[in-house]
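In the part that follows, the structures are each spelled out as structure tokens.
Note that subunit A is present in both complexes that follow, paired respectively with subunit B and with subunit C.
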Partner chain A sequence: MSESTPTPAFKASHASRMVTLSLHAFTQLVRMKVFYFLAVFAVIVIGSNFFDMAQHQGPESVGANVLRNIKSWSLGAMALFAVVISIVATALLLPRDIEDRTLYTVLAKPVPRIDYLVGRLMGVLLLVFVSLAVMDLLMVAALHLRTGMVMEMQEKMAVGRGWPEEAIQSLKQETLASGVNWQLQAAVLAIFLKVAVMAAICLSVSTFSTSTLFTTVVSFLIFFIGHFQADALDFYLKGVEAGTSTFSQYLALGFSLFIPNFQLFNVVDGLVQNQPITLLMVGKLVMMACYYVLLYTLLAWWIFSDKEV
Partner chain B sequence: MANDAPAVEITDLVKEFKTTMRGRPLRAVDQVSLRIMPGEVYGLIGPNGSGKSTTMKALLGLLAPTAGSCKIFGRDSIKVDSRQDVGFLPENPYFYKHLTGGETLRFYGRLCGLGGSVLRERIEVLLELVDLKDARDRRVGGYSKGMLQRIGLAQAMIQHPRLVILDEPTAGVDPVGSREIRDLVLKLRDQGITVFLCSHLLEQVQEVCDRVGIIFAGKLIREGKLEELIAIEDQTEVVIRHADSALVSRIEEIIQSSDGAELVQTGKPRTTLERLFLKEIKRDHQS
Partner chain C sequence: MSSLRKIIVLLLVLLAFGALRLKFERQMLTEFRDAGLMREQNHLESRDRIDQTSSAVALGGLRTLVATFLNLRAHGYFERQAWNELQDTYETIVNLAPQTRYYWETGSWHMAYNAASYYLHESSRPPLRRKELWRSSILQGRYFLERGIGNNPRDWSLHASLGHMLRDPNKLPAMRDRDAALMAAHEAYDRSVELGCFSPMLNQRLSLYCLARVRGRESEALELARTLHEDPRHHKPTLLILLYVLEFDADPDQDAGALALRIFGDAKTAYEALAHHWRGNREGYPMDGVAQGLARMEGLLGIPPLQSILGQKLAPGFNPDDWFK
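What follows is the complex of A and B.
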């Protein structure tokens, strides 16, 4: 037997262990058949095609609703699905490892706990990324097809009404602009960033909770607080006297150091109203997301490093 | 790293668990010290709840000691790299249900830094060794208890560790299987691998271990070389086949007439149930 050969010392790098763990988490989630939800998404995208209110006005408004509907329904569904997937998947991994005692088998290998945590987080993010990419593809395909159809209709109608060539061209441009474009991709990126922050928060909750249910509930709670924090603070700031406003500004700042303002990631609504997303906005969101992901990963590490499994 | 460092060195290990908010903490391990030299097979025996698993988990850094320290080949268990040279089989092992047997070994191998053809060959060898070749492409979720135990053993040995820690390796395994596990432990010993195992099946511990420790209520109450612990120095056993009653009575006479000797018991030796079981199965297989 080859057993008696002298034993070489193997050593994995942090990166390779993290990749192994994240691919493992990804496989685990995929084999739980999470991707079935994509069928639901496809139904939503197709369904959003039919919410066209009959309009008998000029060519400029024909089909504009359809395009807007496809965008707002798809992006809305993407945001919802992505958040649900990331929270549920993250909440599932660590508590289940503890419950099934599979965590022993991993941590009994030379695996630093930070590698374990980051690997799990990366696995969930990979899952979210792939889901978003597939949904994005579906949305773009639907939008592209539909834009073509709308333009054809508009042209026919405009020609029928004897519009000048110039006006037809500019109408076409306008329709194209509200079809597939890079702004949409920026909106999807914003969804991904928001969900990444949420997954990191959920990870740190799961390090001290003992059950999937608790983790899920608390994470959704934080998610909602993150959405309403801006409004609540606004309300509070309006209520206080002008003299104490520096104090309340610090309070607001302190609060936002820990609880992200998820409202800022909601570029979707503006986009559907054809408000452009600037590069600066995207940059800011990326920075913000990095900060919170780092913060919550470190927090998770801090709790998890002393945890007895 | 000194090569003559003990494979396992546990010094005054104490582990307490908080039970309720106000109640006194439960002392699961109480001042245990033990030392296992490289190449030894050490058996820790004790009744349920005596602290065997807790000791092993502390040794692996899965639990933080309340007091005392654990070292593996001279490296403190709290440090991650102390686990480079250890393979662990937990009690009632449970692996990722969504992976197949082969994928399971690949996953743990990767975590230890193996890869490529080295890992592939290693998986081949181990699957052969634990007799799971036919089940390599089946999901671990569908494995029987004995199969889980065997895939667990393979997983523990994936990176050629110099120390293998087995928590009740034969729990839930049938006599044939547990005999195979016993043979595997002996094979490991022949390769110079240190084995630290625990069990409450005394007979099996007796068959493989060089040294044993007896733990009771968290305290190590007895420790030593196996022969020294169990030999009854002033007695001798003679087993005779086809002895008729005349021969037996003559032997008894001789014993009575010799000075200082005393007959303690005569009778028919019984086969153990385990031996009987194995014999019957073998016969069944042959016919």
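What follows is the complex of A and C.
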């Protein structure tokens, strides 16, 4: 028997394994009918159109409040839904895989544990991404339609009041700036980044957690505490000048070092109020989110690497 | 690896990575705060004012969402005419969303206009008490708007709203120094024009209308009136009247009739404009030369002395004491 070049056995790359696992996780989560919440979101978006308050000024005030309502309510609902979905979905994944024995099947094959974890995390992030994209579409559609209606009303009122054409054009520009714009997409991206960090943290917790409930509760706690991280750091830095006790200072410093800073991703409020954000700022946010996701995923892998399953 | 060692390594890694990111994070926070994308965290005032749930939502980066719900609540207070609650609610709202012009303007409008009107007509309190409440409501509305401007100095609309409030003859009696208030209104309109308001020509004229009422600033007002008059699009009745009275004030010996004809074009137009000014001067505009001009126009138009408008009484100016009798 002549020696022939052995047929190379199919060896999936890390990336392809992760993609397969992530698609599986995504399908698994979709089957749990998570997308039903979109109906609730649609009701929120439509509802936000009906809260027009009394106007007290000229054409420039007409509908301005409604446009802000649509943005504020939609982005608020997006953030809440996305955080809940990411935490609950991540917390469910590992215990569910153990329960239906998928985990054993996967790990019995030459699948590195890091691939398994990253694949699962990517599945959750894909779910969040798709959810946010659909919600974003709904928000943009509602906002676009309403902006057109508001501009029509404003123009009618301005013409009635004898405004010159240039003033009407200027008003239209300002209203358009309050409507659909790229700033809004930056806000949605900021929500996604925050949620991605949260999912990575939840994944780390779930690797040593004993129950889904524990993972969910601890993750939500970290999420809320993370919004105080900036306070703790301020306390530490100002405490030096204010003469606060050394123990309190170190406690605050430790807190700022251990807990991620979720305040960083709270640019949504500023963006709803039409504050500009630069591409560089968005880039920094992305970098910071990647840093956190990488750190917590590696920690999850390290904890999970020699865990008995 | 034992569990204890694992935990220690985990904590050390978190500490090390935390230390690595801290400086960069702080720079980012400062940059975002400077760009107006987020606020300083220590808003104990607003945290104290809102309930626990709202506080948690606001903390989660959804301050504007809480603000919109509080705005709905404030509308309920407005309908119930619960002015103290309404004021408190707007204080919280602007703490949560300080860059939203609408909240500053609406809060100020509720206080200076709605609450003030309520106290003007309310009958359950003694007059002196109502007057004090009326005055303080207007002053609170003004202060609120001024704080809004402090937070958003480049917002033309807030400046214009302050101008509208301070030039309002129904609000002016509440101000301690009438001239200072009118001067502030003049400056506010000028600033709104500089910042690119929608109707710069109107606000330029409104700026003049305020300056013309400030005692001791007549020459400055005349200069502004002349400048605006050069553009025919500014030829509105009030501007022409003010140009007339300010020109007469600058040179009281001149022929009032000739001046009126020069500014208004013909005797009929001049008479109508001057008569309207004579009858309706509740806003406290200067009246220099109006009587002389009317006398000359009546002569030119052949109006008999018995029908002279000068025989009619001038409308009394606004006096808050009359409102609270």
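Everything that follows uses one rule, which is that the second predicted complex is superposed on the first by the 273 of 309 C-alpha atoms of A that agree within 3 Å, B and C clash if a C-alpha of one lies under 4 Å from a C-alpha of the other, contacts with A are read in each partner's own complex, and residues count from 1 in each chain.
Here is the rule we go by: a contact is a pair of C-beta atoms (placed from the backbone, for glycine too) under 8 Å apart; a residue touches a chain by one contact, two chains touch by 3 or more.
Everything numeric here is computed off the predicted structure, so don't read it as measured data.
**Student:** Give one of first, second, both or neither to describe whether A:Arg31 is in contact with subunit B, with subunit C, with both, or with none.
**Tutor:** first
**Student:** Looking at A:Thr20, would you say it contacts subunit B, subunit C, both, or neither? Reply first, second, both or neither.
**Tutor:** After superposition on chain A, A:Thr20 lies in contact with subunit B alone.
**Student:** Just subunit B (first), just subunit C (second), both, or neither: which does A:Lys284 touch?
**Tutor:** Touch status of A:Lys284: second partner only.
**Student:** According to the stated criteria, A:Ser72 is in contact with first (subunit B), second (subunit C), both, or neither; which is it?
**Tutor:** After superposing on A, A:Ser72 lies in contact with subunit C but is clear of subunit B.
**Student:** Look at A:Leu176 in the shared chain and tell me whether it touches subunit B only, subunit C only, both, or neither; answer first, second, both or neither.
**Tutor:** In the superposition, A:Leu176 contacts neither subunit B nor subunit C.
**Student:** Thinking of the overlay built on chain A, is A:Phe258 touched by subunit B (first), by subunit C (second), by both, or by neither?
**Tutor:** After superposition on chain A, A:Phe258 lies in contact with subunit C alone.
**Student:** Pick one for A:Leu299: touches subunit B only (first), subunit C only (second), both, or neither.
**Tutor:** second
**Student:** According to the stated criteria, A:Tyr104 is in contact with first (subunit B), second (subunit C), both, or neither; which is it?
**Tutor:** So A:Tyr104 only meets subunit B here.
**Student:** Who does A:Met153 touch here: subunit B (first), subunit C (second), both, or neither?
**Tutor:** Touch status of A:Met153: no partner.
**Student:** Show which residues of subunit A both subunit B and subunit C reach, each in its own complex.
**Tutor:** 306
**Student:** In the complex formed with subunit A, which residues of subunit C make contact?
**Tutor:** 1, 6, 9-11, 13-15, 17-19, 21-22, 24-26, 28-29, 31-32, 35-39, 41-42, 56-57, 59-65, 67-68, 71-72, 75, 78, 97, 99-100, 102, 105-106, 109, 113, 157, 161, 196, 198-199, 201
**Student:** Per the contact definition, I'd like the list of subunit B residues that touch subunit A in the complex.
**Tutor:** Against subunit A, subunit B makes touches at 57, 60-64, 80-81, 83-84, 86, 88, 90, 92-96, 98-99, 107-108, 110-115, 121, 125, 152, 155, 159-160, 162, 187, 191.
**Student:** Under the definition above, what is the set of subunit A residues touching subunit C in their complex?
**Tutor:** Those residues of subunit A that touch subunit C are 51, 53-54, 56-57, 60-61, 64-65, 68-69, 72-73, 75-76, 79-80, 83, 163-164, 167, 170-171, 174, 194, 223-224, 227-228, 230-231, 233-234, 254, 256-258, 261-278, 281, 284-285, 288, 291, 295, 299, 302-303, 306.
**Student:** Taking the complex as given, what residues does subunit A use to touch subunit B?
**Tutor:** Of all residues in subunit A, those touching subunit B are 1-4, 7-13, 16-17, 20-21, 24, 27-28, 31-32, 100-102, 104-112, 306, 308-309.
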